[in-house]
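Written below as structure tokens is the structure these notes are about.
Note that the chains take the letters A, B, C and D in the order they are written out, and that residue 1 is the start of every chain.
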Amino acid sequence: MHTQWRRAMAAAALAAFGTLAALPVHAADAPNSIRIGYAISLSGVNAQGAATTTLPGYDLWVHDVNAQGGIFVKEFNKKIPVEVVAKYDDTSSAETMLRLEEKLMTEDKVDFVLPPWSTGFNLAAAPIFAKYGYPDLAVTANANDEEQLVKQFPTLFFFLNQPIHFGQALIEVLNKYKNSGQLNNKIAMVSVGDQFGAEMSAGFGAGLKASGYDIVLQKSYPLGAADLTNEIKEAKASGADTFIAASYPPDTFMLTGTAITQGYNPKIFYTAVGTAFAEYGANFKKKAQGVMGIGGWNPALPGAMDYYKRQLAVTGHAPDGWASPVTYASLQILQQAIEKAGTLDRKKVLDTIVNGGPWQTISGPIDLKTHIVEHQWGAGQWQNGQFVGVSPTDMPGVKPFIFPKPSW
Amino acid sequence: MAASAEDRRRRRTRTAAAIGALVALVAVLATVPLLTSDYQLSFMVNVMSYLVLTIAWALFSGTTRLVSLATSAFFGIGMYTVAMSIKILPLYASFALAIVVGAAVALVVGVLTLRLSGMFFVIFSFGLSEMIRELMVWWEINQTHTMGRYVYVPFDTTMIYEHLLGLAVVVFLVGWLLRRSRLGIALLVIGEDETVARQVGINVPFTKVAIFIVSAMFMTLTGALMAPRFSFINPNFAFNPLVSFVVVIMALLGGLQKLWAPVLGVIPLIILSERLQTQFPFWYSVLLGLVFMVIVYFLPRGVTGLLEDIWKALGRPLALPRGFTGPLLDAWAWLSRPIFLPRGLAGIIEERWLKIMPRANEKR
Amino acid sequence: MAALLEVENLRKAFGGLVAVNDLSLAVAAGEVLGLIGPNGSGKTTLLNLIAGTIRPDAGKIRMAGEDVTRLANHLRVRRRINRTFQLVRAPPNMPAIGTVMAAVLYGAGERVRFKDAGYEAAGWLGEMNVLTKADRRFDQLTYIEQKRVELARALATRPRVLLLDEWLSGLSPSELEGGMSVVWSLAAQGIAVILVEHVMTAVRALCHRVIVMNAGAKVAEGRPDAVLRDPEVIRAYLGDEDA
Amino acid sequence: MPLIEVILGGVILGGLYALVAIGFNLQFGMARIVNLAYGEFLMGAAFAAFFMYTLFSINPIVGMLLSVPVSFAANWLIYRVLMLPLVRRARTRDDLEGQTILATFGLLFVLRGAATLAFTADNRYYNYLGVPLNIFGFTFAANRVLACVLACIFGGASLMVLNRTRFGTALRALNIDPIGAELVGIDVRGMAGLAFAGGGALAAAAGTLVSTFLTFNPAIGIEFTMKALVVVIMGGIGNMAGCLTAGLLLGIAESLCSYYVDSGLTLAVAYALFLIVLVVRPRGLFGTP
């Protein structure tokens, strides 16, 4: 027994020593680059989302900035290249992500941290960004309580609409045809059982009811559902002219495929995340014509088409028609804010981001005074092989709406 | 009896020394927040939380040999109970509530699973965690119409760390006392042969459920303590099935033979994961998988086994008195040492405690 | 002679097979009751029913006047009924003394301090003459040592009724001698012993009374030499149906 | 929607579950190896079908002629190289289960990581046979029906092989008593290797069929593995009839729930059904105690 105790003690000491020894020592600062870091899901369930929407934008931006020789910082009176000194895999675990953000900010002491992917992760990371004063350009996040959140976390910025605004954008389209009698007031709505689906269906539902629509079918389905045939059949049987799905990419593809198979042709067919993906158009080709989706994009904006081609060439990944350009735009804002502030001091850069707008980006001018991008594409539509913005109708470059959706 | 008295005195001083050393170790660990950066502290929080989870897991699974994948269920119940009650209850009250809920669920589950064994139990516990997660998702979407809950409380990482450290000490003590108690020996017999256990008068269902509840309470409290760390919680964060798998892997990596063995599984695995995540982000999965396989094929007895082999190789003789009291004392030593685990999963079991076996003789 | 354990009209069927059919018996303190019959006649099932390993479909089991038919196995142990198994059973990875300690701690009724349990268990092993093997793992013991350890485990719960399932089978002649004296001494201490056995020398020498079973039912009962001459018993053993 | 249509939809979904589980059942029930990397072969076959279809326009069903034998060979190799040392080392069945779970957990990470590196983490989707098919006047997607039909064929064929052939009898002997099987002269390890490889081949077939209507990415494997585990455990380990029944029951339960209660509860109901079955029958539907 005594030997066993000694061994236990030795082991404990060894373990404690191992822990301390293994904690990394931070590297010395490199004044000849702007040090960027991020932790994002490279493996696990979130990897596909990050790989589609966010990572190519990060890669392209770094490539673009350095192709121009870097960002001009007045403080040093020269162009300083950006360098991704830390690129971490959060393995789709929120706990890991939080820890790695802390590592980026307190160990690696990078100059700027780019946000993780997904609403949940960004909301969880917001307190840490705020605590260490890092600008938090949380593109892939939206919530119904954004106003309150940005008050609580002064470094946080939202770029996509709030769920309720997506609802308003869609309803604006619907109203036009309902009022002219071309569309009945029945709605069939399904949503994915996740953060996103819950908030979207709540946001849509409230808006729709307020505008006098009758939601004849409302269902949620679990994340990773293997079959949505019943949902499409029920929607078909419900007599609704409008089908709305607050869906994620796998379900968006599955719902569309099932609707085609089942010959379900509502006048408005709306699916959410994934509709704007280039793969959607590539897969459904002509059948995508007239499908509505969340987000939108104006390819006619200055630099937009150029960006599209450049990302495809540099990263091999075509951007989607919604969050991808906004991701790139958010980084353009960061770049311009650093230039305008003339310093790498995060507090000053943060102030500049807030007050220095509007910023000219590939997504048009963006102002961040309220920390929330108010006026953004809410709904888009596939038109002749491109996903374009169709609502709100007062957006510059809005395209005329195709009504009704042609049969598959 | 002189030898025995001598031995008792020696044992007492050694126990005192060991306790003293442990107290010192805990004291050192308690001062960690003063010395480290925030990241290092959150690293230690991670270590501590998995340490508690793994030891708690071993309390039940190590003795009864039922591999439970319900860790994430109880961890999630703890976390989610806090998330749901934090607006109406003081923090510590919500921790207490979490423990009560966890214990109640464990009671029901324990009773339902009494007849299950082997893989049936493993997958039952997995299915249970997933069902709870799906139910919580559905509840949040359809009843509250939002899926996130914020836990903003003045309970910072330092507080979480200190509480987890305290919890680790408690779970360690519980394990230590358990192995020196009636209940501990009952669990051993149950783990080896339930029929015999009944035949020596052990109330098998009661004992199994009791230890399951104790184990679950620690897991639940860990989840509850981690809630303020997440600050934003949804069911998919809280009921992450990976936690269950990681805990099993850690326990098996450390070995189940000793109470402190999980330490040797938790720390290397966390360090390794962290290294891979940060230094080889794109190769994380491949490298982690390769490490697992190396462990299985080249280190079948876990890190503890490796350590013991090294220890033995250093040539420490294990002199124990023989004579009339010899067998008794040996048996006593056997009983008072942490559990002689089923050859279990981590590898080939030590053939005999008292015999020093060269590694070359090991049966492959 | 007042019966200590009484079994009334016990019945147990597995699917269509009636393993124990309407069987009654009684055994008194200090009595050795032999239970013989061809393989598959339901002897072990009967022991399982009495010990509480399985539950009967019908019938009653009374221990010292108390109805224990519905009691769980471990509670019957505390009512002083214990058994050994036909294929010796004990936790294979524990040292011999471990199981006996568990029996002392859980089966003996009065609360034994954990510290003292080891000494008491050692006493039981000593009584069974296997104290020197106390630290051995069960699967490292010889067959007879295993049997003795198992009996020590049963005795440590201080049984008043002891069910021995072929405890004397498979022993060499000298071991058998020792084993028989052990059983004899148990009866002499006032334990009621039910002995399932094929070794007829032991049955003849030890049993006060013998019950013969065939196809789940009792076919004969009485003094060993009388019963073993009974033509029905001989037919049961040698008959065409139950070969 | 009439009840019969809902049930029919459930049968088709259940067929998918059974299809995924059959190969796993061969590996777990016959070769006695809990292969957590099972789903990775499914995922691999899905990618193979995807690339063959999108790059070379090879019909996925024809493509199975390539992916199924490759998966068979790969799994046989895995058994010989990775599993046999564990089989030799293991002392008990529990021991073997534990060791193989750890080893295949590692393999799972390696394969998933390699797939992510090779194919990127993106979701993939293509549409093959996404045409309506009329069954009793109800419309279903042809690719889903095909998966269900093939599940029944594979399940039925395995059942026939297991119950009607010498080879099958030997395999069943493995499931019931490997030591006894060895004693009566069955080459236990050779047979187990073939069963394991056969399971891998079925995984590839399932993966190909699944890819015709489900979106997939390199991380999808574990979901199928766990689904297969649930189905196999629910049906009774090593029992093909149980496997089919359990798959169909889960599918029907999900379909009924999605129509009559709420789609959001389908998975919860499926797990609840699984748990109830285990509480009532601790060794699965067709398991023997």
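Here is the rule we use: a contact is a pair of C-beta atoms (placed from the backbone, for glycine too) under 8 Å apart; a residue touches a chain by one contact, two chains touch by 3 or more.
Computed from a prediction, not measured in an experiment: that's the story for all the values here.
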Margin query: Quick check on the contact graph: shortest path length from subunit A to subunit C, in steps?
Written below: 2
Notebook entry, point to check: Just how far, in Å, is the C-alpha centre of subunit D from the one of subunit B?
Noted result: 32
Margin query: I'd like to verify one number: the distance from the centre of subunit A to the centre of subunit D, where each centre is the average of its C-alpha atoms, in whole angstrom.
Written below: 35
Next item on the list: Determine the centre-to-centre distance between subunit B and subunit C, using the mean Cα coordinates as centres, and give it in whole Å.
Entry: 40
Check: At what distance in angstrom does the C-alpha mean of subunit D lie from that of subunit C?
Finding: 48
Checklist line | Residue list for subunit B, restricted to those that touch at least two other chains | finding: 134, 137-138, 141-142, 282, 284-285, 342-343
Check: Touching two or more other chains, which residues of subunit C qualify?
Finding: none
Notebook entry, point to check: On subunit A, where are the residues touching two or more other chains?
Noted result: 42-44, 193, 220, 222
Item checked: All touching chain pairs, where touch follows the definition stated at the start -> A-B, A-D, B-C, B-D
Next item on the list: Going by the contact rule at the top, pick out the subunit D residues touching subunit B in the complex.
Entry: 28, 34, 82, 85-86, 88-89, 91-92, 94-95, 97-99, 101-103, 105-114, 116-117, 226, 229-230, 233, 237, 262, 264-265, 267-268, 271-272, 274-275, 278-279, 282-284
Checklist line | Touch list for subunit A against partner subunit B, complex | finding: 1-5, 7-9, 11-13, 15-16, 18-19, 22-24, 42-44, 86-91, 93-96, 98-100, 102-103, 105-107, 119-120, 123-124, 126-127, 143-144, 152, 191, 193-195, 197-199, 201-202, 220, 222-223
Checklist line | Complex interface listing, subunit B residues touching subunit D | finding: 65, 67, 112-113, 115-120, 123-124, 126-128, 130-131, 134-135, 137-138, 141-142, 245, 249, 252, 282-293, 295-297, 300, 342-348, 363-364
Note to self: Using the touch definition from the top, list the residues of subunit C that touch subunit B in their complex.
What the structure shows: 51-53, 72-75, 77-78, 82-83, 85, 89-95, 97-99, 101-103, 105-108, 114, 118-119, 122, 131-135, 137, 153-154, 156-157
Checklist line | Residues on subunit A engaged by subunit D in the complex (per definition of touch) | finding: 42-45, 47-48, 50-52, 190, 193, 219-222, 224-231, 233-234, 237, 249-250, 253-254, 257-258, 260-263, 274, 279, 283-284, 317
